[in-house]
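Common to both upcoming complexes is chain A, partnered first by chain B, then by chain C.
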Partner chain A sequence: MGPLAPNEIISENTNFLLAFFIGIAFGWVLESSGFSSSRKLAGIFYGYDAVVLKVFFTGAITAMLGLLFMSLFGWIDLDLVYVNPTYLTSAIIGGVIMGAGFIMGGFCPGTSFCGAAIGKIDAMVFIVGLFIGVYGFAFTYPWWEKMYMAKYLGEPKISTTLGMSDGMFGLLLIIVALGMFFVAEWAEKKFPREAY
Partner chain B sequence: MKPLKLLAMFVIPMGLIIAAVPQNKTNPYKLTADELLSEVNSRNQYLAPDVVADMIIKKDPSLRLIDVRSQEEYEKFSLPGAINIPIANLLSPDYTDILNQDTKMNVFYSNGTLTANEAWMITRQLGYNNNYVLEGGLNYWFENILNPKQPSSTSPDEEFAKYDFRKSAGQALGGGGLSVQASDNQAEAAAKPAVKPAAKKKKAAGGC
Partner chain C sequence: MSEPKETRKTRYLNPYVGGVLLGLVLLAANFVAGRGLGASGAVKSVVATSIQAVGREGGKNMPFMAEYAQSHGSNPMKSWLVFEMLGVLVGGFLSGALAGRLKLKVEHSPKITSKRRLVFALAGGILFGFGSQLGRGCTSGSALSGMAVLSLGGFITMMGIFGTAFALAYFFRKNWI
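What follows is the complex of A and B.
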């Protein structure tokens, strides 16, 4: 049956409409989880607030379980689900830049729009920076192209790389995530911070 | 830590289940047997040789003829502009870009229609669009496009129109060696639109 759009069960336009509503719901959940506060977000790097880790990892393992079970029931063909191709060098460099920007700015791209939507000025400044970065990269792309395209690995899955089934890797990830949640909550107590 | 415990109580059993069950590897094809049967019954994959001949003569850029016979047969004779994808190599990754695309009309042909139909069915099962089969295959092509028979004098005008088109098409495509004078006595029939319009093309595209 699924995925709906590639199998032409819903049209491309319906797909965009659904994305619009899902996007609104996503923003609403982010805001109500406190993701519009840069201090709360940056807390993950200092240990006093692990809400980022908890929300995103809970989201990831929920989606993972959902996809694996839907694939098991034959509701979705996972081969048709788009996977971002891996360019190792740019993934590492991009991850470092993203992380540094996250600590300094207190937002990640999605949450900055969330913050701007409720009128946070720091979030708006962050978005300006974000666009400077986007345009800066786009206009100087020829300089980076070689590095950007380096170490192309196709679309590898960690489970196949490790030689285990998707389900087994899923279980492993769940255990790792719960372990991280436990450590994060311990850290929250260890490095408490009043009123942020 | 209550929420954490609650989450763990939910996700750990789910993880255990998903780790224990075998992966679902079925359903690699995109069409169900029912869907494929209805497409086969509709015969929409067939393109009439007259339509194909017309496209070849007009050098229609959207046409791509694919010879699914063996390489020796392809080298001996092939339709103008055809490329060779022997059916044995149909699934080779080299050809995926050719077979799975949205811009061109791929027309499979073989001597009869059997091999071409096999190629069409496999690509259709893979969910590829825009692949068609030359109706009648090369045998029919030889008999009717390259060496058309003159219809009997009592035939309806359409038959003569078809004949005239086929005769000229056959000459353009290097067949037959037909005498030019034969066309003279059918001049008024030839004035009618000789080729079935490319409407067939759109109809065939409705298969998916």
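What follows is the complex of A and C.
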């Protein structure tokens, strides 16, 4: 049955319309979880607010389990679901640059659009920065092309790389996440939070 | 009688409930479109369109964008992520409106000025924009969505983003605490 668009069960235009509705739900969840506030987002890095960790990992695990179960029941063909390719060098260096941007700017791209939607001027300025950064990369691409393409590993699954089944890795991730949630709850009690 | 505005403003969804809902949205995206959520890709579409609009010559000199436009047909704005991000603006606005959080303001720690906050927001945005292109996606598209499909690259990018932010947190602490 699923995924609907790759299986041509829905048309391209229906897919775009659903993208809009999925986006509404995405923006709604991010905003109502507090992701429109940079001070709340940055809290994870100082221990006073771990909302990012809790929402992010609960979300990733929920979707991961959902996909595994739907595949098990034959509701979705995982071979038709896009798996991000792994280019080792650019995944690491890109991640490091984004991490620096995160601690300086207090947003990531998705959350900055949420912040801008409710009137946060700092989020709007962050979005201006995003455009400058993307233009900057595009204009200087020949300089980075080699790094961008280096160490291509295909589309490996982390479970395969670690030599375990998807389900076993899922279980491991849940245990790790529970451990992190425990530390997060402790940290939030230890480090005071101002009203903001 | 009525609660002070400050406490109402900080009343957010329980983070674990929010996480499950986020996961269901991500699951819906995969079920419908066979792909996860994203954000920086929409910015890239706008950038690609603007470069196309300037003229073919510009595009020719920019293999990164030319290749992107080719893989997205003639119109890079007609992309899944562009429609999704338009939805994010609507959804974020509706949630903020219902919770009474709509307000034009620069949010920052009382210890720093608005100007300092905006300078750092701009710098952070530039880095995030650049990094998201090099890393083939941001926190949404690469880290979150990649983790849901167990992509090795997704987990690596996630660790890169959060690990670096933690490592640098000490140097930028004045901005936040």
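Here, the second predicted complex is superposed on the first by the 195 of 196 C-alpha atoms of A that agree within 3 Å, B and C clash if a C-alpha of one lies under 4 Å from a C-alpha of the other, contacts with A are read in each partner's own complex, and residues count from 1 in each chain.
Here is the rule we use: contacts are C-beta pairs under 8 Å (C-beta built on N, C-alpha and C of every residue); 3 or more make two chains touch, one makes a residue touch a chain.
Just so it is clear, the structure is predicted and the values come from calculations on it, not from any experiment.
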Touching partner for A:C108 - first (chain B), second (chain C), both, neither: second
Touching partner for A:D166 - first (chain B), second (chain C), both, neither: both
Which superposed partner A:A150 touches (first chain B, second chain C, both, neither): neither
Touch count on chain A, higher of chain B and chain C: C
Which of chain B and chain C A:V176 touches, first, second, both or neither: neither
Contacts of A:E185 with chain B and chain C, given as first, second, both or neither: first
Contacts of A:Y48 with chain B and chain C, given as first, second, both or neither: second
Set of chain A residues, in rising order, touched by both chain B and chain C: 58, 61-62, 65, 166, 181
Complex interface listing, chain C residues touching chain A: 6-7, 10, 12-13, 15-16, 18-40, 43-44, 46-47, 51, 62-65, 78, 80-81, 83-97, 99, 101-109, 117-118, 120-169, 172-173, 175-177
Chain B partner contacts - residues on chain A that touch it in the complex: 7-8, 58, 61-62, 65, 68-69, 71-74, 77, 79, 165-168, 170-171, 174-175, 178, 181-182, 185
Residue ranges of chain B touching chain A (in the complex, touch as defined): 1, 4, 7-8, 11-12, 14-16, 18-24, 26-28, 30, 208
